[in-house]
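Dropping a structure here in structure tokens format, bear with me for questions.
All chains are identified by letter, namely A, B, C, D, E and F, in their written order; residue positions are counted from 1 within each chain.
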Amino acid sequence: MRIRVVNPNTTRAMTDLIGRSARVVAGPGVHVDAVQPTTGPASIESHYEEALAAVGVLEQVRLGEAAGVDAYVVACFGDPGLDAARELAHGPVLGIAEAAFHAATMVARRFSVVTSLGRTAGRAHELLDRYGFARACAAVHACEIPVLALEDPTSGALEHVTAACRAAVEADDVDAVVLGCAGMAAFTGRISDAIGVPVVDGVAAATTFAAALVRAGLRTSARSEYAPPPPKPVPGLLGGFAIRQTSAPALPVA
Amino acid sequence: MRIRVVNPNTTRAMTDLIGRSARVVAGPGVHVDAVQPTTGPASIESHYEEALAAVGVLEQVRLGEAAGVDAYVVACFGDPGLDAARELAHGPVLGIAEAAFHAATMVARRFSVVTSLGRTAGRAHELLDRYGFARACAAVHACEIPVLALEDPTSGALEHVTAACRAAVEADDVDAVVLGCAGMAAFTGRISDAIGVPVVDGVAAATTFAAALVRAGLRTSARSEYAPPPPKPVPGLLGGFAIRQTSAPALPVA
Amino acid sequence: MRIRVVNPNTTRAMTDLIGRSARVVAGPGVHVDAVQPTTGPASIESHYEEALAAVGVLEQVRLGEAAGVDAYVVACFGDPGLDAARELAHGPVLGIAEAAFHAATMVARRFSVVTSLGRTAGRAHELLDRYGFARACAAVHACEIPVLALEDPTSGALEHVTAACRAAVEADDVDAVVLGCAGMAAFTGRISDAIGVPVVDGVAAATTFAAALVRAGLRTSARSEYAPPPPKPVPGLLGGFAIRQTSAPALPVA
Amino acid sequence: MRIRVVNPNTTRAMTDLIGRSARVVAGPGVHVDAVQPTTGPASIESHYEEALAAVGVLEQVRLGEAAGVDAYVVACFGDPGLDAARELAHGPVLGIAEAAFHAATMVARRFSVVTSLGRTAGRAHELLDRYGFARACAAVHACEIPVLALEDPTSGALEHVTAACRAAVEADDVDAVVLGCAGMAAFTGRISDAIGVPVVDGVAAATTFAAALVRAGLRTSARSEYAPPPPKPVPGLLGGFAIRQTSAPALPVA
Amino acid sequence: MRIRVVNPNTTRAMTDLIGRSARVVAGPGVHVDAVQPTTGPASIESHYEEALAAVGVLEQVRLGEAAGVDAYVVACFGDPGLDAARELAHGPVLGIAEAAFHAATMVARRFSVVTSLGRTAGRAHELLDRYGFARACAAVHACEIPVLALEDPTSGALEHVTAACRAAVEADDVDAVVLGCAGMAAFTGRISDAIGVPVVDGVAAATTFAAALVRAGLRTSARSEYAPPPPKPVPGLLGGFAIRQTSAPALPVA
Amino acid sequence: MRIRVVNPNTTRAMTDLIGRSARVVAGPGVHVDAVQPTTGPASIESHYEEALAAVGVLEQVRLGEAAGVDAYVVACFGDPGLDAARELAHGPVLGIAEAAFHAATMVARRFSVVTSLGRTAGRAHELLDRYGFARACAAVHACEIPVLALEDPTSGALEHVTAACRAAVEADDVDAVVLGCAGMAAFTGRISDAIGVPVVDGVAAATTFAAALVRAGLRTSARSEYAPPPPKPVPGLLGGFAIRQTSAPALPVA
């Protein structure tokens, strides 16, 4: 089974981190393919960047379809381009926010989210509503650490995030924590050991759930909403993204 | 006051239609500026097209900011790129689905939506939840008429949409109908006359509400979520969309 | 266009304040008509007073219909008599709580309410649910300043309300504030300048939205719930409020 | 124990019917006092009439307080003036819609409402939301029988209402029915026998629950929202409703 | 009328306490029958114990049916076995959490719960959702006093619970408190006197509401969900609980 | 990895069917252990049977803990004893209704449930609310086929269930179907092939998700709600279920 984990931003170090996180949990018989778009923002911390990043996600899903990928993970906590990717892919597609919320409610009644920047909390709340987990999530807390600083060992990020997680458990009286940024994936085990409750990394959750769906024979419904998009002209800069009549996918970018 | 109405698709005839619909209701002292992106799909009937169209919306908002626009309308019923546009614009930004839902609940307790294609109903439900109108909306019905066929006088679209609206009022026991596609804007008055209940066109609603917000001195909060996106590199095809350190907006496309 | 702004209480100074607030934002071509009932409580701070005030609102709407008014604003934050007024009026009717909630969600994802007395918070929560904004509102805070003291320049009301708004933004992590009393209308601009987020006054929001609905050709549906009330005897003190068979509205009070 | 059942309309025959319905279920030691206002509409079928009727309810609660009443029932399915009555009364106050919804969920998971006129369904939905029973109620159906025709033995009302209840159980797959009008109280047992599921009359439910609250020592909280309304001038027609400084209640009407 | 109050645990002192609490409020003509199972945990503080206790509740309801009981109260705040008991009983069955939530919303808009151990709060939240009171409940607070210590006069339990109730009213801005454990029933009046708001004990509420339902002629619907369970073999330890073809209930335990 | 799939009823053929369904999807390295209780009803079609079955589930989880099981599946669509099992198990525990709902929303926006008997629909709705999927589920439909008849090849069950699934997709406009009974597990692939949308069997979903949680290092939080139940006496028939002070689990039944 081949699972493509798409890092929606264009920072190689984050793609590598995400790939490692996914491979650790994938299990026997699952090949993880960690990729990033050829275009898009270096990190995603605003709605504007998320809109640009969605284009890159779609590029990598179209390429993945040509390469025979079985399932996809969209590895940014805003789940950019998720529904559009479902229209393109034959197999299942999971966002890491989506998967993390599902996993958290399987191991605890209520959880809190600890994320990077406070300005992303609105999107997190929107996704909680969208997926049905608004009541299960007690609060969304921000560390105010930019995404790309998370990996800097001199930033003290691990300590800050751990403290924020511990504080959330006490203040919100929750039994689990969801990490609200793919850049925190490497911290998961250490934070869980430190604070004694399940800590959910969306990359791990989405990768194992995607493999689970494939094993259970489940793929996105192609009946109506998620049927392939209709062929149609796309003038201008994004012309490479036009869906053509032939079934062969065009290469989306030069 | 200058309001820019952005048609997110690249079909000139629809931009013209939307502009006419907006100008009819704008009122004294309001200049309506109807524009379309230089790139993007010819119409928007899938999540994939919506993701591409969001890029075009952002292009036109950035150009609008350089031109001193006071408020924006995103004139596609999926409200593509709405939150991202709010980060870019100094004045308010409204989506036509958003505005139509608000307006409908001001003139009726419950409404139904009549839209173009059934595959877009999922997005409509998502937006109803997002804006708080899930309980106020009884149902979303589709005519299964493609967006660009709506303007074809030989398509019988007006008759089909009118019949669908009338059926919705009876079947759902609602007191108003929201038209779920900017391409239906020209039908509004005739359908309302025919079926005897308020029929809400999002282009008209969004244009007059945008002017109302400007008059009331209200603009999108810049405190946290909708603060301007941070400057950041964007490699590749979308490089023109990078936010630069200087306050002057770059021209997004060549 | 003629908009009647009804102050539901019987204090002339508040009617004047509300009229000024409405006229500032009404825009070209809109005549604002600020009125108050001939009977009812001097201010509205309880459910009991709200019930009495609803009668006065209906009196002024019936008189407004005879005078050819195009739209109405009910200018008390409990929106007293709103649904009943919709049955009487040909044009749209907006409550100031209703309009303020709509406006706040157009410029911010979440908001808090700062109101006069804590005992009115229950009604505010009820209206948030009624209009679909329960999730968008983080909290309702009270200053414990009686309504009629708000205008007393020696009361320190502006400072107290400003401090409460600032505290709400921080404590609730919201990006906008709704002022929960028509008596605070004159404070809006100064508080917004002081705390740096949109501050929504319902009188301004309702006045501009009412004009927007008229321009968009929208009026309350007369299909079922909001059809004119049936003619019927009303014995006793309220006899002047009986609906008569003739279409000419009776003068409701001597 | 003395329970005052207030018929909010001014039709004596309905007051008598409501009194009989309450007395049948009140149980030993409970005196039922069925009253009606001195002013107000002959029946309540619109928001406008409900607003007028609320004044009459408050009149009768003030008189009841002077007479030492232990608990009140507001016997119209729109629950007019309920929150205001709670501010005036020392003991508990229940609306018949409120009580019927509570009772229905104690004997079935889901129920439907069968009411008089379709135009009242909006208010029923609002109350279902207000009290927390929106999910428990499958649908609100109308018989389109005016309130005062319900008691006319030649109207066929019993047969129509029975048929509507039976249809609701099948169509909505519910296990109980709530009758949405005090005028249907006399039908309850016969409909339940005919269709084989619990049929809930709000007058019976509210009367027995009010007695239950008194026996359990529970009365409306006077802490904040439902504290007595503050003394305040009321000029004009409604002057008799002013709350005076002295604790003795004024006679509300001449 | 005969009401059986079932203590789901096997501690005699608690059964006696619950019986006394019920008898104080039952009113004239109501015989209270306080019982406990022949098997099950000594107290209920976990989901595991609740699952075991449900079996004991069903034993006592089957015996009650043989003895002609008119209505039942399940007197543990987790409402164990409630839906199953409804299938067995001819008359109504109420849980004490259920009844307490209903009662609290009849005397206040919002309430908080003060319970024994924090680990039971999850179940309380689940029941609040189940019955429709999630929005009406501000918070669930725990005293961390084990159930059986509540009755120990040297434990200081009354003082701790009173302090927790007072703190909840202030912190949550609620107008009533629900006691989250049958073991607190004896404290109700004293806490209410001390903190000045209604304090709701579920045993009292359920007993008086159960009598009210019987007086109103209401019993659990036997149409579908709560019809008697079908006869079926039960091998092994629980064999005494098999439903037999004959209408006579088997004695469930030796 | 060892996953114990617990059939909560005592019918061997169903345990075998469930075991086969789980093994087909488990994947490399996962050992599936299909078991059933020593006591409990032959099938589960009522709340009463579910309450009895919960005891059997707990028996098998306690035995599984002694045997070193890594994760559990509770294989009845009412998820009996699920929360209690979480308190006993070191690894994750999933119910098949729970898992099926999660899976369905990963491959479609909305789904319907097709179940065995209509009387079980109430429990399905309760679980949909409990897990956050009430809005995602359009409807619950019953075939009125008893659980044990599902496997009888002469019953026409496959044809009936297929027809019900097809009808649900059209009537409810949903893109996926959840099978509401473990006894339908063998039908999954054939129904999906016949109707062309994803059909979700909870046994498959729960088995692969349980393995996914183990791979991702996630287990039920032991912080508060799901901590091990406290040691406590259990007199009488269920005495074998008492939790003893020593860490070694007692054999629950003779």
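Throughout what follows, a contact is a pair of C-beta atoms (placed from the backbone, for glycine too) under 8 Å apart; a residue touches a chain by one contact, two chains touch by 3 or more.
Predicted model, so just to flag it, every value in this text is computed and none were measured.
Novice: Within the chain touch network, how many edges lie on the shortest path between subunit E and subunit F?
Specialist: The fewest touching-chain steps linking subunit E to subunit F number 1.
Novice: For the two copies subunit C and subunit E, what rotation in degrees overlays their C-alpha atoms? Round to the nearest 5.
Specialist: Fitting subunit C to subunit E on C-alpha atoms yields 120 degrees.
Novice: Using mean CA coordinates as chain centres, what's the subunit A-subunit D distance in Å?
Specialist: Computed value for the inter-centroid distance: 52 Å.
Novice: Rounded to the nearest whole Å, what is the centre-to-centre distance of subunit C and subunit D, using the mean of the C-alpha atoms as each centre?
Specialist: The separation of the two C-alpha centroids amounts to 28 Å.
Novice: Could you tell me which residues belong to subunit F and also touch two or more other chains?
Specialist: Answer for subunit F, listing residues that touch two or more other chains: 109, 118, 121-122, 126, 129, 134-135, 173, 224-226.
Novice: What's the contact topology between the chains, one of line, ring, star, complete, other?
Specialist: Other.
Novice: Chain pairs in touch?
Specialist: Chain pairs that touch: A-B, A-C, A-E, A-F, B-C, B-D, B-F, C-D, C-E, D-E, D-F, E-F.
Novice: Mind pulling up the subunit C residues that touch subunit B in the complex?
Specialist: 25-29, 92, 94, 98, 102-103, 105-109, 131-136, 169, 173, 175-176, 188-189, 192, 196-198, 200-201, 204-205, 207-209, 211-213, 215-221, 223-226
Novice: For subunit F, which residues are in contact with subunit D within the complex?
Specialist: 118, 121-122, 125-126, 129, 134
Novice: For subunit F, which residues are in contact with subunit E within the complex?
Specialist: The touching residues are 10, 37-43, 45-52, 54-56, 58, 81, 83-84, 86-88, 118-123, 126, 129-130, 224-227, 229-230, 232-243, 253-254.
Novice: What residues of subunit C sit close enough to touch subunit A in their complex?
Specialist: 109-110, 135, 173
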